[in-house]
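What follows is a pair of complexes built around chain A, which joins chain B in one and chain C in the other.
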Partner chain A sequence: MENSVLSIFNLYVSYGKKAVVEDVNLELKQGEILGIAGESGSGKSTLLKAILPISSSDMTINQGSICLKNTEISNCSTKDLRILRGRKIGMIFQNPKASFNPIRKFRNQFIETLKSHGKYNKDQFEEQIFSVFQKLSLSDAKRILDSYPYEMSGGMNQRIAIALAVMLEPEILLADEPTSALDSMSKSLVMDELIRLRDEFHMSIILVTHDMHVVSKIADSIAIMKQGKIVEMGLVKDVIANPKEKYTKSLLQAVPQINIRYVEECENTENPMLVLDKICKEFHNHTGVLQAVSQIDLQLKSGEILGIVGESGSGKSTLLKLIAGLEKASLGVMTCREKDMLGKRKKEDLRNIQMVFQNAVDSFNPKHKIKQAISESLKNLCGMKSRQSREEKISELMDLVGLDQTLANRYPRKLSGGQCQRAAIARAIAVQPEILLCDEITSALDVSVQAEIIQLLLRLSKERKLAIIFVSHDIALVTHMCKRIMVMKNGKCIEEGLTQNLIEQPKEEYTKQLISVFL
Partner chain B sequence: MFHLQNNRKKRKLLVLFFFLFSLILLSLCDTLFLANDPNKTNAGYMMAAPSSHFPFGTDRLGRCIYSRVLAGAKTTILSSLILVLITMVLGTFLGILAGYYGGIWDFIIMRIADIMLAFPQMVLAIAVAGILGGSMINAMIALGIAGWTLYARLARGKVLSLKNEEFIYAARLGGNSNTRIMFVHVLPNLVGELIVNASIQIGSVMLGFAGLSYLGLGVQVPKAEWGSMVSEGLSYMQQAPWAVLAPGLALFLTVVIFNLFGEALSDYMGIRKTEDGE
Partner chain C sequence: MKFYILKRLLYLIPIMIGITFLSFLLLYLAPGDPAQRKLTAQTAVTSDVLEQTREEMGLNRPFLVQYKDWFLNMLQGDLGVSYKDGSPVIVKLTKGMKYTGILAFSSFLLSVVISIPLGIYAAVKKDKLPDSIIKVFCFAGNSLANFLVAVALIYFFCIQTNLFPIIAKGNAQGLFLPTLSLSIPFMSRLITQTRAAVLEQLEQPYVAAARARGMKEIYILFKNVLHNSMISITTVLGLAIGTLLGGSVVTERIFMWPGIGKLVMDSIQARDYPVIQGFVMIMTGIYIIVNLLVDISYHFLDPRVKE
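Coming up: the complex of A and B.
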């Protein structure tokens, strides 16, 4: 066991009586990135918690040992844990904005952390930071130190969090889904950062993620977890090239790759159903006017699937809300089947355009059962007065989206994310709309569930001639299902075209960057 | 461990609820427990010390203090409950209106609330009760005129954050009217917090009533009310301390029970929220 930094032997962890991690054996070498992949609920975060308990929880380590350089740490006292945290084992979290105090400058937060670990030296402080920032290719260190976390993007915050973790020179770094809250551009930057940590600082990293794409790009070895057990382990190149377990294969298949869906159907020559002409939306805030959406033209034919891609903050969600009638446009014209859509909407207009939201669980009233939510739309918009006909329709819809009928009697929080998103789709299509707006509907889901939802949408679109506008920051995902793609940046449409043309010959630099992440 | 903690909170809540319930029951059925007529004066027993016949002694007019404390419970507890209920309903309604529609509604309602809050609440109540004259109804108006602002502000704040939740957007797309969204989708999601606040508020409303009555602006003689009993007994406290102590202690205990209940309720609801989000 030469060069071994951390070894876990025969580990069993449970919450109360529920076993979450069972019989895990791991070995982390110096300067190695170990990726732990698996779906949510597979126990990978719990494994990290067992290595470095953050707060008192009811988690218990039933059996096994965790050794950090030949020192047993699984039964440390609280006092020893404080030394361990940060100084020996660093950690970065999923939500980068939550790991800093939003109303204090980075400088103070760096000083505070260094002081509490006894590594603060007033004269060398800036020098020390600058050298770390330089190695992590974070330019303009002075400006970063004097800004507030809320002024920085999520990706930037994550890179600064990594820099802070590195400052303490821990022996190992635990990264809990460090990229899953980021859009694809920031994601690749953070990935580069982790690689640099390994190469420049010879740090050992445990990277927990559900994103096989990230693991395959940066990790040296990989462990696949399923229901608390490690089902497959090995070098990344071996596992990726030659997966043994069925589960690993399914995870790998679900990785979004740029994959153009050739639409063979004959060209749709109808007139466009939905037409947007120079639509603008301004928000007024204390700093002035924010142009969230500016001069967007858009046309959608029936049965067509249009993808809109862009980073967070590019105005794509606002655009969808405008189309759904949830926001009022400041300027421009919007018509649906030659009817003006900017005024107050009547019931049939509402029926025509429905929307599915990013956080499925939040899109249902927590106090109402799924059944009630769907039944409400049916009653309001389709005029289905009798309870029985609504119940029948609901069971039909649940079948259509592939959900068990009994789930309709549950509250939204008692469903999984994927199930809830299916229910949300059921609610949206219940009133038989012609246009379905999807706002990042898969980004909160596991990859395998993502693929299922996409299949469902494709099927619905085909069966019902449903036009779909699919908004995502993930260009690979969009290529799977959309015939046309529109790229948005800062509220403007910078490029639009057929998927194939856009992917193979992108005109704009920005589009090229978006695509290059996946190549 | 989590469940144990939750059970302990539940038990605490149940015990306090039992106390609270017995208090309300006692105030409703006070006539069953009366030892004497609370308003009957008795010249032979002026300022008599506690005895078997008069468990808490008598006051200057020879009225049985035990019976008056019981009769006072009805006035104090019931009118506090009614007042809190009315202010909560009214304040919540106005708060939801202000938060949901925003704009001019918000401006008018919240500025009125601000004006009400600019005065110290008790001073405002004294002024109103002074102008309207002393009676229990007027005391309720006096306390209610500023009391609703608490609920209005709370409801408005909650509505402002709920308004941008995805489920409210979804409800709008589902063809619900604004009224239905406000009362079917928004209200149930903030009612828990409002009830917790109301239960904490009951104690201070009781003290408010007692204060107004103490100043002679609440109930009219000879009706029994704890505040006015304290105020009356104060002038001869040296000779008959029980005339002050008995209603004072009753008030103290009741307020403590209501406050502890409110606290326990908010603890319990807090736990429940994290457990299953309902």
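Coming up: the complex of A and C.
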């Protein structure tokens, strides 16, 4: 095909003896966004690594060819490869902050890249950088260049990473999960940026992601990968409208959509269990006082699921920590079943409110087996002295969260993200709390796993009359789960209401923006 | 920043008081009588003479009074006189400090110049032959005791080959062996540390991202990786300055290097309290100032520290 920029033919890649990519054939056309979707471990990242070999890993290309116009990439020498990288193929990564040197200003990182390719001389550097910023409509280029990566938000970092990747005008941009670490507002900005690169600069983009929502919004064609093979391929509109493979269907079903779960149960008339009245939290740093949470009122009845949405830095995690007692409120009143929660808590109160964290693996002691972690909670908070009864309880819990019994004997690192999050939920509900706090617990997981965790939470809430506060930046997910939603911005609650009312008639501009990302 | 430095300097005061008080107390409680030591050279020490000498030396005053007097004099820059020969402590210490300083500085310089490049090289060549050779050297250097290295050096360089004098006497030619014997263990530690720090940085995602942009390896290694590794390397360097200054006692003794280590050993044997007190104070000051410098250097190496 004459306008194809990259063609992959009959590609087999393996790590040692383990085959990771098998018989892949792909064609990337000029000015096209090709989405490659699949779950973690499907080989999609390895495919990117084969297209743009970065370091001498133990990855080997066993068979097949990767052709960039007329250049066969697998035949390139190390030196040719370096020139190819950046100049012909650019790449952006999942974690934009980590893809910059944390302690060098953006300016240096841009200039070093230009210097390495020797395409421009010294006085053209700034000019070239500014022109890229202008093309991508990143305003305030000077301020950005004089900043460090840690001074910018994740979304901004990703946009700067895109600017850096396309600065040398490569023909292809490889994007490895570019939006999965971002909140929904930044996500839509980055998606717009990619569309602009395609439409205005005719760049060809390979977008690797597990997020079918992103693919369906911006890609032209799509390849679905499973266990190293491409199982379905075609134009996005065809595949989405008429998926042939069962796997594709399941990926599509797992995409969170704004989908109000109609709650038919009769109105819960009992008094709220947890009451927060004008809770505030201030942090002091050298620049002054930061109002992380200000004047939040919140009420939660037993068995109710409340969603809190907002972008990163809106104070939603701090609010959860205040409720969990991990942070001390600066002002306000908090009671649970009419008992004060701001003073020193009794064991009973600690047991009653449990929290599950975003990164499940890190929330366990890496040197303790899952069994030990759960057993510790049972011993300390429930006073369960006999080992026998604890073991019985643990196996009962493993069944409840849908984990195999043998997994309790493993270390947290030996579990997958989804399994580990289930174990974390098992640990939290082991002590029979009435309130479960969930802090972005699904955002590090694949969509299909995400859906399973949500089902688990809904089931637990119903069976055990467990009240849940579910914090997420993903409004679609929240609408699916919660009866009531609270929208937070800059530490304040800007809108609150029943899910249906809030989605159908949002009052605030900000809420409308959050919703529009998913429409 | 200025405020920070001032604050840290103010911490010096309570630390100084605490440490000099403790060392004064320990010396006071330790067995042995300075007056008796001083008089042993003379024959027939009667208890009257002993008592009189104690009186002259101010040893029979209460402990707190002794400490107070010493402290107030110290504030005026007077560290007292040596019990042994009556010469001012400050003169003795400055002279010894000069030689110890030369030895510590040359060892420090030699180690840095050799170890940091070797550490980087080992990291870049990880698991290849050069790395293995360097690792064996580090293992040996870390395990060998200081005095053993010194004795081995004397055997090879002085007895077998006759290249250097055994007794150093403080001249330039005599500096070589003590420097080497102090450097070898320190070098091993520094190479290991540099290698680990560079390897840790090389595995960071920003290195992969820089490679993906086609950045030259030389920029990646020297402008990014090395700079970022310097934060942990500086910590080791700071700790080492103290060790080199205070830990050279044995080496100085073996090579008869006229540094402070030898002076202090002699003073401890002679119960020469003023000299010991002065030494403790100087070392405390150096430790604190080096730590402060290391902390200040973090501000320049890592902009995030300012936050």
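What we mean here is this: the second predicted complex is superposed on the first by the 511 of 519 C-alpha atoms of A that agree within 3 Å, B and C clash if a C-alpha of one lies under 4 Å from a C-alpha of the other, contacts with A are read in each partner's own complex, and residues count from 1 in each chain.
One rule holds for everything that comes next: a contact is a pair of C-beta atoms (placed from the backbone, for glycine too) under 8 Å apart; a residue touches a chain by one contact, two chains touch by 3 or more.
In this text, all values refer to a predicted model and were calculated from it rather than measured experimentally.
Upon superposition of the two complexes on chain A, a steric clash is found between chain B and chain C. By the touch criterion stated above, A:104 is placed in contact with chain C alone, chain B being left untouched. Touch criterion not met for A:507: it reaches neither chain B nor chain C. Of the two partner chains placed around the shared chain by superposition, chain C is the only one that A:95 touches, whereas chain B remains out of contact.
Of the two partner chains placed around the shared chain by superposition, chain C is the only one that A:87 touches, whereas chain B remains out of contact. In the superposition on chain A, contact of A:411 is made with chain B only, not with chain C. Residue contacts after overlaying the shared chain place A:150 against chain C, while chain B stays out of touching range. Within the superposed three-chain model, A:237 lies out of touch with both chain B and chain C [touch as defined at top]. After superposition on chain A, the stretch of chain B whose C-alpha atoms clash with chain C is 117-125, while the remaining options among 117-125, 135-143 or 171-179 stay clear.
Note for the complex: chain B touches chain A at residues 1-2, 165-167, 169-176, 185, 188-189, 276-278. Against chain A, in their complex, chain C makes its touches with residues 204-206, 208-216, 219, 223-224, 227-228, 301-304, 307. Note for the complex: chain A touches chain C at residues 52, 54-55, 82-87, 90-91, 93, 95, 98-104, 108-109, 112-113, 115-117, 148, 150, 161, 164-165, 168, 285-286. Considering their complex, residues 16, 58, 321, 324-326, 347, 350-351, 354-355, 357-359, 362-367, 373, 376-377, 380-381, 411, 413-414, 424, 427-428 of chain A touch chain B.
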